[in-house]
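Look at the two complexes coming up: chain A is in both, with chain B in one and chain C in the other.
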Partner chain A sequence: MTEERFSFTAGAKKTLVILGIVGVVLFVLGTVLSMSGGHGHEAHGEHEETALNAQESASLLASADAQDEGSAHAEEHGEAEAHEAGHGEHHESAYWLKRIYSNLWVNNVYFTGLAIIGLFFVAVQYVAQAGWSVGFLRVSLSLANWIPIAGILMFVSWWLVRYDVFHWTHASLYGPGGDEILQGKAPLWFWPMESGSALPLFYIVRMVLFFALWYMLFVWIKKEIFAEDINGGVDHWRKTRKYSVIFLVIFGFSSSVGAWDWVMSIDPHWFSTLFGWYVFASWWINGLAVIALITVVLKQNGYLSIVNANHLHDIGKFIFGFSIFWTYVWFAQFLLQYYANMPEETVYFLQRLEVGNYTWVFYLNLILNFVLPFLLLMTRDAKRHMSLIKVVCPIIIAGHWFDFYLMITPGVMKLEGGFGFMEIGMLMIFGVAFLFVALTSLAKAPLYPKNHPFLEESLHHHI
Partner chain B sequence: MQVTSSVREPLVTGGKTVHDVTEDICRQVEGKPSKSWMLGMAVSLVALLIGAYAVFMLVWEGIGVWGLNKTIGWAWDITNFVWWVGIGHAGTLISAILLLFRQKWRMSINRAAEAMTIFAVICAACFPGLHMGRLWLGFYWALPLPNTFGSLWVNFNSPLLWDVFAISTYFTVSLVFWYIGLIPDFASIRDRATNKISKMVYGTLSFGWDGAAKTWGRYEFVALILAGLATPLVLSVHTIVSFDFATSVIPGWHSTIFPPYFVAGAIFSGFAMVLTLLLIARKLLKLEDYITREHVELMNIIIIVTGGVVAIAYATEFFIGWYTGVEYENYTYMSYGAATGPYAWAFWALIICNIIIPGTLWFKQVRTNFITSFIISIVINIGMWFERFDIIVMCLSRDYLPSSWSMFYPTIYDVGVYVFTLGLFFTLFLLFSKFFPVINMAEVKSIIKSSSSKKN
Partner chain C sequence: MESNKHFVLGIYDDEDVLLSAVRKVKESGVKIHEVYTPFPVHGLDEELGYKRTRLPIVAFLFGLLGTTLALTMQIWMLGYDWPMIIGGKNFASLPPFIPVTFELTVLLSALGMVGTFMITSNLKPYGKPRLMDKRCTDDKHVMAIDLAKNDLSQEDIRSIIGNSGAQEVNLKDF
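== the complex of A and B ==
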């Protein structure tokens, strides 16, 4: 086989830069609007009904929360929030700033997932000895170049956003008259420091450790994969397999703990044993959609001729199947909490269903991530045609951004979350940066591994 | 054109030809039963008869003969039910999901695994049926049939009813799938039959299969459709079994991770049972060239993966139990209280049998060795039985009221009914292995060219 190289042309870079600039403009515009628009309640003032609903749900949530919080903190939600400052604590950030923080965190988690799934997909293919996927393995691998950047972004921005995004960081919750439940959980975050310490050591160590391990395995795997191009033989393949196994074990554990730390602890009283796998399912299907979309775009630009309708069909099946899997996990979590109807659990869904700002996202989430992919990818032909992949993948990619938006925003913004130019703008900025990193690395090496022991199988893949 | 990479291990060894496959598999069906088969059958029948006595007494006297008490209303009965349903899952996974993933190594193990599924589901169904006390009324109670008992109607909100639907659908689809796969092989046996009776019996069973290209086309089409149907069914069955517990508000039962965690556990235990059966079958039926070391290793790898998923679920359960800060959570099956309480032995049996001992499969020497694989497969079967026992009995034994705390002591009828299902399972499996082709000849022949080792 001859080598094929992707060139990240000036034209493509220019398009991305323009998109990035549009993103910045939208973001600034959104920020200015949210500064002048004031708080969420006023912003929605003209919709009498929405405001009413919001008030109703505020009391609903307050009563639900009163049961699981210490009495001193029952007022946490709703309008009473401003009183928090009275505890001699950090002042609540301004509305617009808080919204930026919330948004930043959504994108941190979302793009971290995309990066790590890039590596996860490669590892799974190696461990399972899959032959069909060889043609676009490097597309997947290129996503993982974001891992170190995601790690740095998350680590740095955490200190910035913590008091607004992570309620449990407030020192006043601990000690006498504090929140009993959070006091019980405190060691998870603060150990071995004192509860409420400004340095939640255990939490931070985990974050650093996970990114370090992921990055280390990524570097090892990447090294072997590219060395195979030069040396040939099956030794590099075997070594990649070995590292992939190690990575999968680490990932199996760290993805769940990461989900608890970075997402579930935003609603610190709420819990769900399935949450780790829910986040994983969302990351995974989103990653598959991005891999498929980049592959198709590359193909349409004349690259990757070794990937044909048979390979697309298979990745289409993956997207179809794992969309259903995500829905399965979503449904399991929702149904079980809905059915048992325990206030400390249902509060999570009430915040998302009953608060007017989020109700539409709740249903949109299901439409974008289940109904549309399910119907659009049902037939055999749909999975084999690039035009349909190009329709379904963006739907899923947007859908899972909303999924993370819905996991994070209500816990941070309470009743005041919004969606507008700011959110779109920041997503575009992150997306452009991500693509820049991924495509730059993709251009550095041949597009597919010419010495891969399964390349021949992949070339003759026919279904 | 089919291409197989040189790094893949051969799946059929000994340089078999297509004709050898027919000979090797049909020999078993056509010949006289071996001594070891007779011995196995005798043991199974004894177990079945002893168990039948326990079942008879249970139906005659009522379920009071079991060791259940007011606090612990479910124990061995539902433990065994979940255990058997779980075992069934591997068969469908191999036949349906591995078919969708085009895994060639499923070819020589799918037939036996599917048979195991069907027999395991039959054994599982015994328990809810017998638990109703009056089996003959079960249809009215479990199915939404119009009846003459006034307003009596099934409870559509109950996961127990969803179970009835899920398992009966699963059973039907698995049976049809298995049977359709058998038809071409029955036809082979029919064509080779030398006496009238077997010609007639296998002739009837093969539905007049003619082996035409069009017939094969339809056969493959049906297999694909059934695989597509069976795949969501594998997930749904154990999901709904997990709902039996998770929809409740019992600490330890009410857990959102239950659905996928139960499915993973089911595949884990099912593969262990497939290994147990096939490791015996390959020796007794001389199938060493078809069920190779590679097959055993691959099955062990699936056990490692699903066992790993289950281990993460245990860790999650343990962690979230602590994280909730709810004191009742300290009495669930995955908690500090469980590890140190009166059922500590059951807790540690679970940890040792499901995590520590299967953990040795990470070593290649262990997972490619037939004897260690066999021992570990039995250990996992025991461990997965304990998992269900722990979930059910330990969580129930610590009621909300300490005055209601209780222990469960099985009676001989608890044990007896379990022995009955074990006897039933092995009797059915032995009958299958004698009269039906245990390996799908038609499918194995299709990979002889691409995945068979050449004769030395």
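== the complex of A and C ==
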């Protein structure tokens, strides 16, 4: 096999830079609008209607709580009082700043997932001894170059956004007269420090540890994969497989805990035992869509001729199947809480369904991530044609951004969350930076592993 | 028993030989009735020029029938015929109906597909499947040619098949 190299052309870079600049402009525009526009309906135009909706929803929420006279309501009261009684050590940030923070966190989690799924996909292929995927393994691997950047971004921005995004960081919630539920959960975050301390040690250690482990295994796996190009043989493949096994064991645990820490603890009173899986499903299907999309775009630019309709068919099946898997997990989480109808659980979905700002996202989420991929990718031909992959993948990629938006924003912004230029701009900035990192690393090495023991199998893959 | 169907059978034991044989036989203008293989041979469908199966459409339609049936049944039963309060929900509320709907969709889709496949493959109860040669269920590939559908004489067809790499050339009557 001859080598094939991806050249990250000046033209491609220029397009990305322009997109990035557009992103910055949109972001600044959105920020200015949300500074001047008051409370978050700037991108809508139907100010009054939305405001009315928000009010209605607020009263709806309140009445639902009052009817149930459940603990959640009492809890919230207690919390509010505790807030007022607290030392006032922290005041909430301005609306626009809070919205930036919330947004930043959505993108942190979203792109962390994308990066780690790049490595996860490679590891799964090695552990399963799969041959079909060899052609675009490096596309997947290149996504993982974002891991260290994601780690640093998340670690740094956590200190910035914590009081606005993570309610449980407020010291006034703990101690006598504090929030009972959060006091019970406090050791999960603060151990071995005192509850409510400014340094939630256990939480921070977990975050650092996970990123360090992921990065370490990524470096090891990457080293073996590229050494194989030079030395050949099966030793490097065996070593990669060994590291992949270790990575999968670590990832199985850390992805769940990461999901609780970084996403679920934004709504600290609420919990779902399925949440780790839910976030993983969202990350995974999104990662698959990005891998497929980059592969198709590379193919259309004349690269990766060894990837043909059969390989696309298989990754298309993955996308189709895991879209349904995501829906299954989403529904399992929703149905149980809907049926049990316990106030402390249903409040999570009430916030997302009944608050006017999010209702459309709630349904859009299901349409983009289930209905459209399900119907569009159902037939065999759809999975084998690049044009349809190019339609479905962006739908899924956007859909799962909205999924994370819906997980995080209502918990942070309560009734005031919005979607406008700021959100689109920040997503574009992150996306461009991510693609820059991934494509730069992709250009540094041959596009496919010419000495991979399963390359021959991949060439003859036929379904 | 009067037999009215006559097939010339070529027996092959290697799939590469079979694939090239199919090409040769078709090039010499013989219409192949069917090729029976003990395992799926990649590329055979394309060589034989088969159209894609329409079974997925059947699966989709049966699935749709299942969805409709399940939703209609539950909404009618719990919403109109015998309304019951369960967990304080509306009489006809969608989320609790989804699991049953899903199950019936999958069930009808699968059963419909299996049933359709069996009927179209002549595997229905009391149907007599036409087994050209027992060895095609074991270790031999069998190419069958319907004499009635070919203008060439039996001798010509036998020699074409014999020259294409077949180990044996037999005649089978039904």
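We take it that the second predicted complex is superposed on the first by the 418 of 463 C-alpha atoms of A that agree within 3 Å, B and C clash if a C-alpha of one lies under 4 Å from a C-alpha of the other, contacts with A are read in each partner's own complex, and residues count from 1 in each chain.
Keep in mind that, in the parts below, a residue touches a chain if its C-beta (ideal position, glycine included) is under 8 Å from a C-beta of that chain, and two chains touch if they have at least 3 such contacts.
These numbers come from a predicted model, not from an experiment.
Participant: Once chain A of both complexes is superposed, is A:175 in touch with chain B (first), chain C (second), both, or neither?
Facilitator: Touch status of A:175: no partner.
Participant: Output check: A:339 vs chain B and chain C. Expected answer is one of first, second, both, neither. What do you get?
Facilitator: It touches chain B and chain C both.
Participant: Identify the partner contact of A:184: answer first if only chain B is touched, second if only chain C is, both if each is, neither if none is.
Facilitator: First partner only.
Participant: Touching A:378 in the superposition: chain B (first), chain C (second), both, neither?
Facilitator: In the superposed model, A:378 contacts chain C only, not chain B.
Participant: Please work out whether A:252 is in contact with chain B alone, chain C alone, both, or neither, and reply first, second, both or neither.
Facilitator: A:252 contacts chain B only, not chain C.
Participant: Have a look at where A:232 lands relative to chain B and chain C in the superposition and call it first, second, both or neither.
Facilitator: neither
Participant: After lining up the shared chain so the two structures overlap, which partner does A:276 touch, if you call chain B first and chain C second: first, second, both or neither?
Facilitator: In the superposition, A:276 contacts chain B only.
Participant: Which positions of chain A sit in both the chain B and the chain C interface?
Facilitator: Correct list for chain A: 335, 339, 462.
Participant: Within their complex, state which residues of chain B touch chain A.
Facilitator: Going through chain B, the ones touching chain A are 1-8, 100, 102, 232, 235, 239, 243, 246-249, 254-260, 308-309, 312-313, 315-317, 319-320, 323-325.
Participant: What residues of chain C sit close enough to touch chain A in their complex?
Facilitator: My answer: residues 42-43, 52, 56, 60, 87-89, 95-96, 98-99.
Participant: Could you list, by residue number, the parts of chain A that touch chain B in their complex?
Facilitator: Chain A reaches chain B through residues 129, 131, 180-181, 184-185, 188, 234, 237, 249, 252-253, 256, 260, 271-277, 317, 324, 328-329, 332-333, 335-337, 339-340, 342, 344, 453-454, 456-457, 459-460, 462-463.
Participant: Looking at the complex, which residues from chain A come into contact with chain C?
Facilitator: 331, 334-335, 338-339, 341, 378-380, 462
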